[in-house]
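Structures incoming, each one as C-alpha cells.
Consider the two complexes below, in which subunit A is the common component and subunit B and subunit C are the respective partners.
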Partner chain A sequence: MTKPAKIPVLGRGWINAWFRSREASLVLLIAVLAVVTTALNPRFLSPQSLKDLMLNVSIIALLVLGQTVIILMRQIDLSISSTVGITAFLSGTLFIDHPGISSLAVIAVAILCGLLLGAVNAALVAWGKIPALITTLGTLYIFRGANYAWVHGRQVSAANVPGSFLAIGTSTFAGVPILTWIVLILLVVFSIGLRQYRAGREYYAIGSNPNAAVLAGINVSRRIATGFIISGAIAGLAGALWLARFGTVDATAGEGIELTVITSTVVGGVAITGGVGTATGAVLGALLLSVFSSTLVFLRAPAFWQQAFQGAMLLVAIAADAYLAYRHALRLRIKWRHV
Partner chain B sequence: MSQTQTSTRRLARRVGWETILAILLVVAIVAGNFLNKDFLTTENWANLLANFTEIALMALPLSLIVITNEIDLSVASILGLSSSLLGALWQYKMAMPLALATCLVVGALCGWLNGFLIVRFRLPSLAVTIGTLALFRGFAYIILGDKAIADYPPECADFGIGVVANTFIPRPFVLFIVLAVVFWVLLHHTTVGRSIYAVGGNATTARFSGINLNRLKILLYVASGVISALAGIVYTFRFSSSRADNGIGFELSAIAAVFLGGVTVQGGKGTITGVVLSLLLIGIVNNVLTLEDVANEILRIVTGSLLIASILVPNVIASARERWRVARQLKEVEKLSAAPVASQQHFI
Partner chain C sequence: MSDPTIELIDIYKSFGSTRVLEGVSLPLLPGEVHSLMGENGAGKSTLVKIMAGLHLPDQGAVRIGGHDVLFRSTAQAQHAGVSVIYQEPTLFRDLSIAENVFMHRQPKTAYGWIDYSEMNRVVLQHLSQLGVSLRPEDPVLGLSIADQQIVEIIKALTFEAKVLIMDEPTAALSLEEVKRLFEIVERLRSKGVAIMFVSHRLEEVFAISQRITVMRDGRVVGSKPFDQWSTEEVIRKMVGRSLEALYPKEKVEPGEVVLCVRDLRRAGVFKDISFEVRQGEIVGLAGLVGAGRSEVARAIFGIDRLDSGEVSIGKTKLRNHLPQAAMAAGIGFVPEDRQQQGLVMEMTVIRNATLTVPKQVRRLGLVSKKRERQIAARWTDRMQLKGHVEEPVNILSGGNQQKVVLAKWLATGPKLLIVDEPTRGVDVGAKSEVHRTLSQLAKEGMAIVMISSDLPEVIGMADRVLVMHEGKLTAELSRAEANEESIMFAATGHADRRDRNSKTDLRD
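Take a look at the complex of A and B:
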C-alpha cells in the first residue's frame, strides 16, 4: 500500500491563521497606504487628520455592520441610504418641533423609524418572495421620493440642533471620537453575535446554502426578515448620527452612500455570494476605502476620481474573492485526493 | 373535479400577462383622457413618447438579459458615460459622425467588460454591474467633472426634439420602433432567441444541448452597452446638453418596465410585446401624473411601487393558487380516508 499523499498544511495555530486571513491583508494594505501617504505628505498622520479620518469612516462603518448581516445571507440592501436620509431629517425636525427633547429620545425615535422602514423590506423579501435586489432598488427610490415630498426644499441647520447633540458628532473620548466608540462597541456586539450565537451562525448557514439551511431546520424567512430589520435599525441610528456629524441636513442627505457601503463590505471580505466574511473585516474594508480616498485628497487627485476608484475596487474585490474561492476548492480537492 | 373549476382555470391560463397589460393600457388612456383634455393631443403624445425613449431603448436588451437570468444595473451609467464622452469629443472639435461612432464603440466596450467579468470569472451579474454602475459613472465624472457641454449644432437638437413629418412620433422614437421590431424577431423567431429562453429556463440543460452560454451572454451585454450608449446620444441631443449626471437613476425605470412587462425574476419567461406594452403603460402613467402637476418625487415613488408590485402581485396570486390546490388535495385525501377500501385501491 502506498503512503497517502502529503496533506498540504493549511495553517498552524491561530497566529498563522490570522496572517492568512483577509483582515491581515487589509491591515497590511491600510498600513502601506498610510506609510506612502505620510511619506508624500507628513500632515496625513497629524492628530486632526486622524480624527477627521475616524469621523469620516464612522458612519459608513456603522452601515457596513448592517450590510454585513445582509450580504452574509446572500441578500443585498440598497435602500439604506434613503433610510439614512429620512431618519436624519426626522431627527432634525424632532429637535425643531419639540424644543428640549432629549438626545437619547431622538436617537431612539430615529432607530425605531429605521427599523420600521427595514421591516417594509423584510416583509417584501421574506414573505413577498421578491428578490432583495429588486425590493431594495424599489424602496431606495420610494423612501427617497417620500423624503423629497416630505422635506419639500426645507433644511435643518446646525442652529436648530442643540449643542449637546452636535457634540456626539464632534467631541472625543480618550482621544477617539464618540462616533468611533459607538462603531467599536457595535462592532464587538456584531462580531460576538455572528461568531458565537446561534442566530449569527444561522446567517452564515443561509448564505452558504439556502436549501441546506431549510433542511437544517432554520426558519429562513424569519432570519432574512430580522436581517433586514437590523439593517434598517442601524441605518436609523446612522441617520441620527449623520445629523450630529454634519448639523445641516436637507432631502439629499446620504444620497449614493449605499455604493460606498456595499463596496466597503465586499472589499472587507464579505463574499457577495454569501456565507463568508466577518464584521471586523467589513469595518476594515470601510477603513481601507476611507484611507484610500483621503490618500487621493492628499495627492491632490480631483474629487471626481473617487467614484471610479470605488467601482474599480468593488470589481477587483469580487474578482479576488472568486479567485480565492476557486483556489480553496482546488486545495480541498488535493487534500482529499488520498481518499 | 367539477366542470366549472376546469373552465375557470383554463380561462386564467389563457388570459396572459400581455392581455392584462393591454387592458391596463386602455384603462390608463381612458382615465388620462377623462382627467385632462390635453392628454389626447398630438403635442402631448409627441412629448410622452419622447420622454421615455431612452428608457425604452435600454429596456429592450435588458429584457433579454433578465430572461437569461442575469441583470444589468449599469445601463444608466453607460448612458451618462456616452453622453459625457460625446460632449468632450465635441468640445475637442471631433467630427460628429466620428464622435457618435466612438460613443457606440465605448458603449460596446463597457458592455463587453460586464459580460467578460460575469462569464470569465463566473461572478454574479448583480455584483459586477453594481461595480460598473459606479465605475462607468465615475468615468463620466472624470471626463466632464461638473461641466456641462451645450453648444451642439442645431441639426442635433432637430433630431432630438423633432417629429417625423405629419405624425406625432418623435424622431428618436423611430430608433426604438426599429429596434423593438429587431429584438422581437430576434427573441421570438430565431435560434438565438430560443437559446436565450433555454439558458434562462435551465442553464445546465442549455449547455448540454450545445449552446455557447459564454458567447451568448457576452453578446447580450455588448448589445446592452451599445444601445445604452445610443440612449445616451439620444438623451444628449434631446436636451442639447452633456452632463456627467445625465440619466442618473434611469436603471430603476428600465428594470421596472422589464419586470412589469412579464419577464420573470427566475428567468426563462417574457416577451418583447409585454415589455413594449409595459413601457407604454409607464410612459402614460408618468405623463398623466405630470399633466396633473404631480411632483417629480412622487413619480419616483410610483415607479418604485410599480417595480415591486409587478413581482409581488404574481407572487401573491401564485401562492394563493398553490394554497388552494393543497387545500383541495387535502379535502380529497380526507374523502378517500373516509372510505378506507377505496383509498387502498387508489394508492395501489
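Take a look at the complex of A and C:
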C-alpha cells in the first residue's frame, strides 16, 4: 500500500488553484475586454463611464446572488423579475401614500414583500413538489399579472420619491456607487455563508446529489424553501433599489431581467446542474456580460446584436464547461486503463 | 458470547398489501461479520433500510444496548452508531472527500465557521490508517467505486459506528479492491464493530463472515456459524432447489461458424482479439472488471469504433461498422446496464419488447397495437415473464426487466446474441429462467457470447470460456478445463493456469 501523498501547503498550491479557477478566467476576460475597448475608445475608462457600468451591473449582480443559491441546488427561479416589478412599484406607492416614511422602512417592506412572494415559490417547490421551472414560470406570470392589475396604468415618477432615497441609486461613496457597495457587502455575506457555514455547504450538497443529501440527514425540503425565500427577499431589495436607481416605475419594471440574471449566473460558472460555482464567480459573470454590452456600445455595434452576443456568451460558457468535463473524463479514462 | 450490539426482534413490515418482512429476528454481535443472503425480494434491503432509519417497522423492535429504539431518520440511526454503506455510493461528486465525510456535521471553529483544516486533518488520518493514497481535498468526482466506498467507510468511522451495514459493497469491485475492502472490514471487526454484510457472492460471504443468515420470502430460514454451512445448503435455503437445477445448459453439437473476429484492436482498450463462435455454442467471456470484455462486445456490435481488425457474421464481413449494420447482419446485443442502455423505463413491456423491430409492428405506416402485442407475446410468454405486458417496465423486478431486454433482441431473430452480465442484480429464480432461455436458444442453433463476472454462471453455462486480462485474451478453456481456479488464474494475467497457489483465496 502506498503512503498518502503530501498535501500541498497553503500558499503556492492555493494560488495556483485560484489561477486555474473560473473566477480567474472571468477576471482575465473582463480585463482583456476592457483593454481592447479602451484602446479603441479611451472614453471607456472615464470616471463617468465606469460609474455607469457599475450602476448598470449592480441590480443584476444583486439578483445573481439569490439566483446562485437557487441554481446551486439544481433549481431555478424565473419569477424574480416580477417580484422586482411588484416591490419597485410598492416602494413608490409607500412614498406617495405615507409622506415622510423613512427610506429604511420602505426597503424593509420591499424585502418583506419579496420574501413572502419567495415563500409562495418555496411552498410550491419544496412541499408541493412541483418542478421549479414550472412553478416559477407560473409565478413569473401570476406576479406580473397581479402587478398589472394593481398598478392599473399608474406610474411612480421621481417627483414622488424623496431625493434622499433617489441618492441611494445615484450617489457614490469613495468613488464607488452606493448600489455597488450594497452588492459588494452582500457578496461578502453570501460568499462566507456559502463557504463557511453548514447551511451554505448544504446548498451545494443538495445540488450535487439530492438523494445523498437526504441520507446525510439534511432536511432538503426546508433547505430548498429557504433558498427560494432568500431569492425572493433579494428580489424585494432589488425592487426597492430599482426605484432608487430609475425613479420612474410603471407595471413593466424589471420585465425580462430574469434571463439576464440566469445567463450571468451560468456564465459565472454556477453549473445549471447544481453543486458547482461560487457567488464571486456569478457576480463576475454579471460584470462580464455588462462590460461586454458596453463594449458593444462603445464600438458602436448595432443594438440588436447585443442580445445575440449575450446568448453566444452563454453557449460559449456552457461549451467550455462541457469541454473541460470531457477533458477530465478523458484523463480519468487514461488513469484507469493500464493497457 | 457477548451481548448483541444491535438486535432486531420479531420485525414485521408491509408495503401496501405486500408483506415484506414476517417476524425477522437478527442479532449483530460486536467483532462479528454477519452475512445476510437471500434472493432479490427476500426482504434484505427492507431490513437494511429499517436499521438505517429509512423505514419504520410495523411491528417488532430494534434494540441497541438493551434499549428499544425507533429510528425516524437516517440521522438518528447514525447518532445511535449505525452506519450503512449502500451498493451504489451516495456521495456528492462535486465536493471534496473531506466534505463528503462531514456533510451536515462539519467541525466548527470558535467563530462558528467550518473548520476545514480540522476536517482535512481527521480525514487524512483515516485515509493513512486505511493505507489509501487519496487526499482529503480531492473532489469525489473521478474516484473509482472502490475509492468511493473508502470515503463511505471513513464517514462511518467518524461516526464511531458500532454497527456497520454493507449492502452489496463488492458488486462493482475488482478482486484486488475486494481484498483491500476485506482487510479494512477485518480491521474494523477486530476493533469490535458489529458488521452486517449483504452479498450475492457466495465465495465472499464464506471468506469474510463468522455467521451466515439466509432469508427467503421475508423470513429467516437459517442462521448459523459459517463453518456449519455448505455452499449447496445456502443455495438450497435461498431458493429451495439445488445447484444443478440452476444451470441447465444442454449439450449441443456446435454447427457452422457464426461469428468470426480477427485481430480486433482499439487503442488503449484491447488488442489482438481473435475468436470464433459456432451455432449452438455458448461462449463465456470472463475476466475482471475493467479487463475490456464489455468493450470488445460494444466494438463487435459497432457502438465503439475499432482501430483495426475485422468482424464477420457467417461469410459476410461487416464493413459499415454501425449498430444498424450489426443488427442487419443478425447480431443482438443485451447490454450490461439494462436500466440505462437496455430499456426505456417508462414505456410498457410491449413497447420495449418491440423497439428493435419497428418495421414489423407497422401497418399502413402506423404502429399497430395488435401486431406489437403478438410479437411481444411470442417471447415474453416463453420466458414466463411475470407482470402485465401493458405496464411500464420500471415496476418490474430486475429479473423480469432482463427478460424484456432479451425479448426485445430475440424479436429481431438474431443469429448471434451477445449478452453482457445477463443476471447481474437478478434474483436466483429469474436467473435460472434466463439461463434456461439461453440454453434453449443455443439448442435451436443460436450462437451466444455471454460476458459474466459470475464464475459459477460462466462455468455452468459456457461450452467454452475465453478469459481476458488487461485488454488481451489470456486463455481459451474448454468446458472440461474451466473451473474457478483456471479462470481466475488467466483473469489475473497468468498464461499457465496449473499453479495451485493461484486459488483466489480471499481469506488470507
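Observations
In this text, the second predicted complex is superposed on the first by the 316 of 339 C-alpha atoms of A that agree within 3 Å, B and C clash if a C-alpha of one lies under 4 Å from a C-alpha of the other, contacts with A are read in each partner's own complex, and residues count from 1 in each chain.
Keep in mind that, in the parts below, contacts are C-beta pairs under 8 Å (C-beta built on N, C-alpha and C of every residue); 3 or more make two chains touch, one makes a residue touch a chain.
All of these numbers come straight from a predicted model, not from anything done at the bench.
Once the two complexes are overlaid on the shared chain, A:Val214 sits against subunit C while remaining clear of subunit B.
In the overlay built on the shared chain, the residue A:Ser21 is in contact with neither subunit B nor subunit C. By the touch criterion defined above, A:Thr248 lies against neither subunit B nor subunit C after alignment on the C-alpha atoms of chain A. Of the two partner chains placed around the shared chain by superposition, subunit C is the only one that A:His328 touches, whereas subunit B remains out of contact. Contact with subunit B, but none with subunit C, is seen for A:Leu137 once the two complexes are overlaid on the shared chain. Within the superposed three-chain model, A:Gly275 lies in touch with subunit C and out of touch with subunit B [touch as defined at top]. In the superposition on chain A, the residues of subunit A contacted by subunit B and by subunit C do not overlap at all. For subunit A in complex with subunit B, the residues that touch the partner chain are 76, 124, 128-131, 133-135, 137-142, 144-146, 148-149, 259, 262-263, 266, 272-273, 302, 304-312, 314-315, 318-319, 322-323. Those residues of subunit A lying in contact with subunit C across their complex are 1-5, 7, 192, 195-198, 201-202, 204-205, 207-209, 211-218, 271, 275-276, 328, 332-339.
Of all the residues in subunit B, the ones that touch subunit A in their complex are 71, 117, 121-124, 126-128, 130-139, 141-142, 145-146, 244, 249, 251-252, 255-256, 259, 265, 295-301, 303-305, 307-308, 311-312, 315-316, 319. Listing the residues of subunit C that touch subunit A in their complex gives 73-75, 78, 86, 90-95, 99, 103-106, 112-114, 120, 124, 127-128, 131-137, 141-142, 144, 268-271, 290, 292, 470-472.
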